[in-house]
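Two complexes follow with chain A in common, the first pairing it with chain B and the second with chain C.
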Partner chain A sequence: MHRYKFVFYRPLQLLPVLFGISVITFILVRMIPGDPARVLLGTRATPTAIARIREQYGLDEPLWRQYFYFLENLAHGEMGKSTLYKIDVLKLVMTRIEPTLMLVLVSVILSILIAVPLSTIAARRQGRIADHAVRIVSTMGIGFPPFWLALMLIIFFSVRLDLFPVSGYGRDPLDKLWHLALPSLTIALSLSAVLTRSLRGAMVQALQSDVATAARARGMPEGIVFWRHVLPNSLVPTINLLAINIGWLIGGTVVVESVFAIPGMGQLLIRAIFSRDYMVVQGVAMVFACATVLINFMADVITVTLDPRIKL
Partner chain B sequence: MLKKWMKIGMVTVMTSLSIGASIAEAAGVLTIGRREDSSTFDPIKTAQNIDFWVFANVYDVLIRVDKSGTKLEPGLAESWEVSDDGLTYTFTMRDAKFSDGSAITAEDAAFSLLRIRDDEGSLWSDSYSVIDTAEATDPKTLVIKLKGPSAPFLSTLAMPGASIISKAGMESLGAETYAESPIASGAFTVKEWRRGDRVILEKNPNFWQADRVSLDGVEWISIPDDNTRMLDVQAGQIDAAIFVPFSRVEELQKDENLEVHLDTSTREDHLLINHEHGELGKKEVREALDYAIDKKAVVDTVTFGLGEIANSYIPKGALYHKDDNLERPYDPEKAKQLLADAGVENLTLDYLVNAGNEVDEQIAVLLQQQLQQAGITVNLQKMDPSQTWDMLVDGDYDLSVMYWTNDILDPDQKTTFVLGHDANMNYMTRYKNDEVKALVAEARLEMDPAKREQMYMDIQTMAKDDVHWIDLYYSPYINVSRKNIEGFYQNPLGRFFLEDTVKNEAE
Partner chain C sequence: MSAPATTRFSPSAGLSRWLGSHLSLSIGAGILVFFVLIAIFAPLVAPYDPVLQMADVRLTGPSLAHPLGTDNFGRDMLSRLIYGTRIDLQIALIGVIFPFIIGTVLGTVAGFFGGIVDAIFMRIIDIILAFPFLVLMLAIIAILGPGLTSFYIAMALVGWVSYARLVRAQILVLKNSDYAIAAVSLGFSRTRIMFRHLLPNAIAGSLVFVMSDAVLVLLNGAAISYLGLGVQPPTAEWGIMVAEGQPFVTTAWWITLFPGLAIVVLAFGFSLLGDALGDLLGVHE
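Right after this comes the complex of A and B.
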């Protein structure tokens, strides 16, 4: 049972990570030239109006004090107030978490649904045409720029065939899935390409492993050998790869959310950066950081469960 | 194995198809795609067009601007009288109700106007500081006393920031709740606001002109990507889209299901010149720049011929525009001559460009080439828009292209900002001409329309003569709607007349 000890102390590591992220985003976002008050008021603002807004949001205070206020708010479970939307950042962020979470979730599931069969086919027919085809397709999948891929999918599936909505995010769960089909396909096409290459390699190795050979020698049919020994053993590196890619995936949602007009965190972040809405940028960065740490933690738990040899 | 996956795939596709078929568009609800979502419904806390354009659907004002964008007409104020000294305005309120059924009284009007003047969060205090007192002498009569006479005062009452809100509602709900789910005084109420996604409006049965409204509702949907927004309307998933890029107009015009609207706007794009920087202080040098710029080429390449060469800071179609204002035709040789006469050699200028703005970047490259022909070297500095503003204010530039759309019908607002020599240094140009300064102040006080018109004609001539900046082009609002939508129109001040828009059965 001591192999799972990390489950208890790992969450503690979240604290220094979050502290680091908060300092870095706090400084970075303020280092970009530009002034939230001016963005808010537009080019027609008078200097007095700008000074008044800066004072209202505490932007005229020294940086260290602004950071102190930020921490103080955080201790009270608050993230400050958005200059653009004039409401609490936490409230704003909460309304935007679900679409992004759903997008990431559906994309990952779709990627696995694509990657597992493809790599199985490729690994079991190693060196043959099917194998080469899968490898070529997955290389192409990595190469396509997501915004271009997204537009092509919209033009083909939504405008030409009228199968899926062009953009937006639905109301009830099924409607949401329907709206997320093309956005998650956009992400899945590149993500599954990465996964397929890794999974195929791991499978090829596992197929030739001593365990598999021994099983075959005991007269176990190839299909059962695959399900019982090859697949579980090749999943471990792929799950870790997936976890590492989550950061990239979250970055990808920023582009995909904008193209498909999904009202998620990515879109919120972009508009916040352009408006120099400091508090919102900080809030979104914190949530993204938490998510990344949490997902890697979950990947570790799964890894330890799948492979009894691994200790963390 | 494969068969199993195929089956699952088929089932997935089938279910999605059936969901697709089951979602029927609500009849009479107009869906409009735009670039961003609203930021608030508190009329005094935003300066963005994106918010203002929805306010006009949700709130009514005391005095409205008509469809042509050049005349005032009664709104919630049925009529008004101005005292001889121009200091006291007496408004008679019409019988009208808020969306919650309560009467809209002079008390609410006074509250709304004092709030935009005094509230700590108001972004418009300066524009309404001319109000001395606003009082409801009875529920139907609003008396406003000004600190001094102001010719543009009535026009400022038509600005969406001065929308009439419910005093009782604001006091019981609080500003934050009101900003989210307001009590409406206009044609529509806010039924639901899905932040970041869409604003859902519903017809306001208590609106005093409810008979005029044909739509059951309106959805303003945020679709930030220009390509996606156009594809949405092409695929018929939304009824209309605004902010159509110049480059897409021709293609959309060919689509027989769509109608492209080129509605006259008050937008003018112009080249700012920093008068305090070296040789740019000399009038001949600024004239040379004007001669060296081929505005026709800018209109043709950047706006695909949809814009029009600008000749004055007061845009065409706006009140007091001077049609026969001085124009400096494209003449690079004359530009060279002017520079030589002024004793200026090897003029090198820093041009500040808004990075990421396709149109701004195109103009920059074009102007760089044109000025090169006149022997002027231009260094392009690409900056993030928020940063360019700071640099413009600090005077850290030689040239930069900006644009302006009018908020109010009266030319005073823009004139004061651009030529009034106030705190913003004549819209960051640092232009100085005391005669112009005096005339701008005088025109603000002149109550005789004919005399006032002449003053603005003179101001336009003088400013153009001084080359306070270089007028580039006027461009229309470009919107697109499906053929079954009637009366989708935007007036020059940006107001959408959705109370007159009709959604017919699609064929």
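Right after this comes the complex of A and C.
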């Protein structure tokens, strides 16, 4: 269990980062020109509401004290009210987490289903036509704008073939998956391009490793060498790669949710920006940042569990 | 089962790798030069004014008069695509150059001085990296207001961290090398040692990264314009052109198809250049 010691002290190391996230989100909203109370409440705020916000956030006091109030409110789960939806930001964000989380999960699973076979083909036929084809396709795939790819998939799968819905989010779990098919395929195609490029490299290395050579020397057929030694050894780099790209993946969901009108956090963020609902912008940015930190931590735990050689 | 093409010695492997990177370099450079020429000579190559609305040719498909069709305002899509090259190249260039300069300088200083300066910069970098890139960009643009200038400012504020990390790691190694110690004992100023002696040897990785970063910046810039927070209409820019075609995607596919393809091709050019530079300079990410 010694190897898992980091599970306890890593969160302590993350505290400065969480502190920094709160500072940045605090600064972001205070950077808006004009009276902060008016900014937080919208243009049609009543004088009593303005007075209440002034007191709650200590807006007449020095900035460091305002930050202290901000933290205190945060500790009580208080992130302000949305000027557009008239409810607490935290409650609003909570209702939007599920579609985004589902979108990310389905996209990751799909992208692994695409990237692993492609990298396998490329790595095992290194230097041949299949390898070159995979490399060219994945290099090109990185440059596909998600918002455009989404529309092309809509033209093909929704308009031509009438297979999947064009937009929205379903009610029951199956219907939801149905609606997420094209959005997650959009993200998965881009993500699998990134994954394939790195995974192919990891597999090529694993094919040349001493473990693989020793297995071949024992007379193990190439196919079994691959399944037993190469694939498992490529798993850890893939998980790390997914963790590194989680920020990029979240950026993708923001765009794709807007294209497909999925009521997730990304769509909430974009709408909030247009309606100058700054407390929501702040809340969504903070939740996304904390999620990124959490996912990276989880990836560390999984990595250590899967690979006994790694110590953190 | 194919034999392992792994440990066997192959005299042609080096050659094909060399040829491969030269081929990537030529194609990548070719694509980039093509777009740069189009951007420079846009008024000469474009058949129409990119914002000219011709009421009689609304939503017409590709034809001889309008090779890429027209949009719902009767604007010629080829002309818009050509003029859009100017904006999207500018997005990639400015969106990369400021983060590159800021990140390189800060990374050099942090790596060279070490200690508390370095610790502070590294913590700031950790915090910025904790945010999903596009989310932080969007939050900054929300404060500054929509527009290309906001996008560039947001890029400069967020994008420098990758360059700073790359350069810092190199400087940390190089500052203990013999020639750096020699430069110190010769009494050269710290600024001279940092930027004349260390930086030129530390920059290769960043130069390769510039190319893959250009892809990300181009995609992000186009995405932000697509969302309506970057370039504003009626300016022709590829991302916003896709957004403008979206309501007609089922009937007038040509409005969305071609601007997206242009992004894909330009991004491919940057990627190829990056791969080739990485091979030639011996840098691998």
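Definition applied: the second predicted complex is superposed on the first by the 270 of 312 C-alpha atoms of A that agree within 3 Å, B and C clash if a C-alpha of one lies under 4 Å from a C-alpha of the other, contacts with A are read in each partner's own complex, and residues count from 1 in each chain.
The working rule: a residue touches a chain if its C-beta (ideal position, glycine included) is under 8 Å from a C-beta of that chain, and two chains touch if they have at least 3 such contacts.
Quantities reported herein were computed from a predicted structural model and do not represent experimental measurements.
J.: Go through the superposed model and pick first if A:241 touches only chain B, second if only chain C, both, or neither.
T.: Once the two structures are laid over each other on A, A:241 reaches no partner at all.
J.: With both complexes overlaid on chain A, does A:32 touch chain B (first), chain C (second), both or neither?
T.: After superposition on chain A, A:32 lies in contact with both partners, chain B and chain C.
J.: With both complexes overlaid on chain A, does A:56 touch chain B (first), chain C (second), both or neither?
T.: In the superposition, A:56 contacts chain B only.
J.: For A:302, select first, second, both or neither according to whether it touches chain B, chain C, the two together, or no partner.
T.: It touches nothing on chain B or chain C.
J.: A:17 contacts which: chain B (first), chain C (second), both, neither?
T.: second
J.: Kindly classify A:220 by the partners it touches after superposition: chain B alone (first), chain C alone (second), both, or neither?
T.: Touch status of A:220: no partner.
J.: A:97 in the overlay: touching chain B, chain C, both, or neither? Say first, second, both or neither.
T.: Touch status of A:97: no partner.
J.: According to the stated criteria, A:148 is in contact with first (chain B), second (chain C), both, or neither; which is it?
T.: Once the two structures are laid over each other on A, A:148 reaches chain C alone.
J.: A:127 contacts which: chain B (first), chain C (second), both, neither?
T.: Once the two structures are laid over each other on A, A:127 reaches chain C alone.
J.: After overlaying the two complexes on chain A, where does the chain B footprint on chain A coincide with the chain C footprint?
T.: 32, 151, 154-155, 159, 258-259, 270, 274, 276
J.: Would you mind writing out the residues of chain A in touch with chain C in their complex?
T.: Per the stated touch rule, the residues are 16-17, 20-21, 23-25, 28-29, 31-32, 124-127, 139-140, 142-149, 151-152, 154-155, 159, 204, 207-208, 212-213, 216, 221-223, 246-252, 254-255, 258-259, 269-270, 272-274, 276, 278, 281-282, 284-285, 288-289, 292-293.
J.: Please give the residue numbers of chain B that touch chain A in the complex, ascending.
T.: 1-2, 5, 13, 15-17, 19-20, 23, 36-37, 39-40, 42, 45, 47-48, 120-121, 123, 125-126, 176, 179-180, 194-197, 221-225, 227-229, 231-232, 234-235, 237, 383-387, 389-390, 392-393, 402, 417, 422-424, 427-428
J.: Of all residues in chain A, which touch chain B in the complex?
T.: Against chain B, the touching part of chain A is residues 32-35, 38-49, 52-53, 56, 84-87, 92, 95-96, 113, 117, 120, 151, 154-155, 158-159, 162-169, 174-175, 177-178, 181, 258-261, 263-264, 267-268, 270-271, 274-276.
J.: Please name which positions on chain C make contact with chain A in the complex.
T.: Of all residues in chain C, those touching chain A are 1-7, 13, 16, 123-124, 126-136, 138-143, 215, 218-220, 222-223, 226-229, 239, 242-243, 245-246, 249-250, 253, 256-257, 259-260, 263-264, 266-268, 270-272, 275.
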